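So, here's a batch of structures to check.
Shared between the two complexes below is chain A, which has chain B as its partner in the first and chain C in the second.
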Partner chain A sequence: MAMSFGSTLKELFRDYRFAVAFILLCLLITLAVMSFFAPHDPTLWYTAPRDLPPSRQHILGTTSRGQDVFWQAAFAIRNSLIISAIAGIVSRVIAVAVGLVAGYQGGKSDRILMFITDGFLVIPLFLIIVMLAMLIRDKMNIFTTGLLLAVFGWAWDARVIRAQVLSLREREFTRTAILSGSRTLELVSKEYMPYITPLAFSTLINNMSWAIGMEMTLSIVGLTNMDIPTLGTMLKWALNYQAILMRRWNWVLTPVMLSVFLFIALYWMSVSISEYLDPRTRVQRVGVE
Partner chain B sequence: MFIKNYLIPRLLQYFLVIFLGITIVFFIPRLAPTNPVERTIAEIRSRGTYLDPRFVQDMVDALTEMYGLSGSWLDQYKDFWVRLSKGDFGVSFFQFPTPVITLIKRALPWTVGLLFTTTVFSWVFGNIVGGMAGYAYNRRWSKALDLLVMLIRPIPYYVFALGLLILFGYVYRKFPIAGGATIGATPSFTLSYILDVLRHSALPAMSLAILGAASWFQTSKLIVQNVNAEDFVQYAQLGGVREGRIIFRYVIRNAMLPQITNLALSLGQILSGALITEIVFSYPGVGHLLYSAISTGDYNLIMGIISLSIVAITTLVLIVDLIYPLFDPRIRYK
Partner chain C sequence: MAAGDVVLRADNLRAHYVLDVPGGQKTVRAVDGVSIAVRRNEIYGIAGESGCGKSTLMKALYAWINRPLRLVEGTVYYTKDGKEFDIYALSKQELRRLRWTFMAYVPQGAMSIFNPVIKIKETYRDFLSSHLKGKTVNEMFEMAKEHIDQLGLPLSILDAYPHQLSGGMRQRVAIALAALLHPSVIFADEPTTALDVVVQRGVVQLLKDIQESLHNTIILVTHDMGIHANIADRLAIMYAGKIIEEGATEEIFKNPLHPYTQFLINSLPQFGDTSERVSAPGQPPSLANLPLGCAFHPRCPMAMPICKERQPEATVSGEHQVACWLHAEGREAEHAAHS
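Now for the complex of A and B:
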């Protein structure tokens, strides 16, 4: 914890996976930001000629709905990132709260919370999400999709955080803090948070990637709002218009490749950060080099 | 002692989880703002069918009865359990009037055949290769394999399956792109029919096996790297035990233990996993059935499939927990 932010970053960049992931993510975020300068509303049809191959005017061509593929992709990345950020952040709040209370309080509240958490781990979550999405299909938008995924995405990480709190509780400084009269809230926010924040962050990346994949899956099944361009709905429209059969690769492969880059970037970043956080694998990595 | 301290609490937990899971499945549709009966009628109307107002009330009554929505919630809830215990999930709506259970029974062999085989295969394959790569973690082939897996692993299943379908179904037309067998072929135990089924399962099986094996590879490699550092492995190395024997009898055997629990969990997820596979490759299993149920709003069918998969998962996990001591002689339930 003593290391400064700058040296942490420098250490992380020595891992090629982190460097590649960082650059990829920067590019994708730039693309998402560019959507704010788009010439057309992405939900409108026929703002361009239909089914054009890539050209100077439309660098990725146009869709059968008369939309520019490049600008659709910019909006899709932006909305997918927003959905996953909502899902990730809200579920982190739940996971940290559950993990802290269960781990610190122990006893009955621990048992009840862990029973609920295990329940979430054992039931076929995906099917339950599908069922809920079906019921609120008319009200699905960026926020409800994000919240729906948040409600189901915290259980595993709550367990991880609880395990960390359990080990912190047994350490010397907890007893020192309690004996010197610090209140629970103060103890948790001052002493525990520095240990829990990195965990919350590294699980956040994984969770965001899960949420993006989940959104794509729900879109393919037809359970999200098809008017909002996301990676999932963009792909679904391409499939609906038989873009594979018609070999309109510029249309189908854009969301496919973008999502592959996004997933690889998020995954490599999370692996790199969690290896950095876990000294055991760090020793092994340094030993290899 | 085993029975009192371990078996009974474990069984209690088992029944409690099933009870809660199925209760959730019961309540979700009832808490929703729209009710399935209204929804069904709206859907029939939106298809352009004219409904005579006199018959609408009759339809509402009939649908309410069929969905098990008559009476108070408590009555419905009791009725739901009574029907469930008989394996009766009501009749399907999109293939009216076939009972849900018949539809599931018809689709289940396809799903189990495809997903069970690939899950077990990728578990064995991924663990062995991952174990060897973890043991020789600083060899070149191990690092190359690691990079390959790092590229494949994060791709969500749907995108990966679609990629394979485009590549081998459309660009190089190597395999059939849809179905479980050639349309019109009569199921029989002849060589040609079996080959036909295998050819149709090639792409879905490949997509499941590659991604599955990649994920098992990683976990197994990680566990093995930790086992490597244990004293008994180093002792065996110093004592000149053959490398193959160390890998399989010392390292992988120990690393397998946590993977057995994971295998049970992933076998339990078969029914959810089937959904996407079977949509992409139009495979005639439970996942495809669920998809049709979702797109037609067939609540009885959806609830039937979800309830069954809750029972399947919890039972598998229970069985694995109970037979675990067979694999790990260190565990004794005291």
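Now for the complex of A and C:
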């Protein structure tokens, strides 16, 4: 437990999956950051000649809308990451709050909160999200898309956190704290948070990849703001202009490959961190030293 | 005994575990009519074998009633600054403020009494910040360091995680933590369990030192008669949810009146005595299904017919009281009437 952040990272890097995921994610984030230095506004059309193959000037060619594919991709990855981060972080806040209150408070508040949580778990999420996205279609931007996904992405993790709190509540140190007159808020925020934080982080990654996938689905259906380049809208435009039929692989494969890399990076990172957090699998992997 | 001297008083306390079982409810009478008065500046020992209700009595005394435990009857009065109040009449908020500052609790020295993922000093700080605000937390923390030093514990424990401390050290830290805010009453629930005799001695000494310097009250629950003989000023013997004998420790060890107490004390080894030790025959009764009359009668070699029919009342002679028909006033008359 006394391990520093550095040695934790070192241990994680012993897993090739984490190393690959980390490097991939770093590259993708670099690409996203590069979008700040883009020569053109990504929402404008015809800033470049149309349908060019990759060349020195346009590394990944240009689209039928006269946009540079490379710079489009940079914006797309940035916006997709922002949407998924908003969705992930906001839903983590909801999940932690619901999990802590339901788990610690118990009784009636637990039953009410878990009724709502179970409701969110069983309703067909996709249909509801599509419906809501249609309702607020005019106001769809990266923030509203992120929030919309956040509202539906917390239920499972709230249950996971509640389960952890239920176990913590019965431990002896909780009794020591209460009989030393700890406030409920202090107990939960200071004594329980160290247990909840790793859980929140490992579920954050899963939730982010879910949000990216969901955003792409909504875009393909045409329910997000088509003017904002994301991985989803980029793919949608490519399909719209028959990029596959016209064999403009540079255009259509860019968002596809980027999202594949992003999913692999997030998934491997999540798997390897979860394994690291679970001492049993860690011993299997690292061996007993 | 002057009334002003009493810091904790319980009257006819009954706390039962009410369990839902198929076909109805099962009641475990863990504390069944206990009346005690604990004085200021004393170590009050509660002794008894496993399952006699000692720990439940403690819970009832420090108002830690959680389902399925229920307070059926009676209440607990504390005296603070000359005023007596009913602990069960307090609001949650008032009760929270009293905890640790007025009544502190020393948990059994198990692995998990401290949060295993934070350092001891964080635990200190977290607990302090619930009672104090802002800057004073840091000032109190400095005081806590002095306090730990005075108690003879190394300051390095503050930077340790709970698992890095030995069982005995963890227990001593728990005691030091409980005593930090100079509480008037300290509850110690089996503080020496799972410690070897040498470490036990250190823990007991620490409790004794704290009591001597603070002049407060310690209520000590343990089944270890040796510990009681060492530090308790007064001793209560508990059997099947009741206090069957109470008195000054020395008096009880010298002149045990209840047959059960006699068994307890005679089973202790003594220097120079090589005869075989006799323990009480049989098993303690189930608290869910107590025998009629005196709960000890099935195991008592001196049982009389009346013991199977009626519960004995406590007979007081000076400081020493006992609940046994052998010592009941006018028992000859009753005995004659029944036979």
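Observations, loosely collected:
The rule is simple: the second predicted complex is superposed on the first by the 285 of 289 C-alpha atoms of A that agree within 3 Å, B and C clash if a C-alpha of one lies under 4 Å from a C-alpha of the other, contacts with A are read in each partner's own complex, and residues count from 1 in each chain.
Note that a contact is a pair of C-beta atoms (placed from the backbone, for glycine too) under 8 Å apart; a residue touches a chain by one contact, two chains touch by 3 or more.
This structure is a prediction, so every number in the text was calculated from the model and none was measured.
After superposition onto chain A, the partners chain B and chain C occupy separate space and fit alongside each other.
By the touch criterion stated above, A:Pro39 is placed in contact with neither chain B nor chain C. Shared-chain residue A:Leu266: touches chain B; no touch with chain C. Taking the C-alpha centre of chain A as the vertex, the lines to the centres of chain B and chain C open to an angle of 100 degrees, rounded to the nearest 10. By the touch criterion defined above, A:Glu186 reaches chain C but does not reach chain B. Touch criterion not met for A:Gly6: it reaches neither chain B nor chain C. One of chain B and chain C touches more residues of chain A, and that partner is B.
Of the two partner chains placed by the overlay, neither chain B nor chain C lies in contact with A:Gly107.
In the superposition on chain A, A:Thr176 makes contact with chain C only, while chain B stays out of contact range.
Least inter-chain distance for chain B and chain C in the combined superposition, rounded to the nearest angstrom, is 9, based on C-alpha atoms. Note for the complex: chain A touches chain C at residues 1-2, 171-173, 175-183, 186-187, 190-191, 194-195. By the touch rule above, chain B contacts chain A in their complex via residues 16-17, 20-21, 24-25, 28-29, 32-34, 137-138, 150-151, 153-159, 162-163, 165-166, 170, 225-226, 268-269, 271-272, 275-276, 279, 290-291, 294-295, 297, 302, 305-306, 309-310, 313-314, 317. Interface residues of chain C, counted against chain A in their complex, comprise 62, 64, 96-101, 104-105, 107-108, 110, 112-118, 122, 126-127, 129-131, 161, 163, 174, 177-178.
Across the complex, chain B is touched by residues 17, 115, 118-119, 122-128, 130-132, 134-136, 138, 209, 212-213, 216-217, 220-223, 235, 244-245, 247, 252, 256, 259-260, 263-264, 266-268, 271, 280, 284, 288 of chain A.
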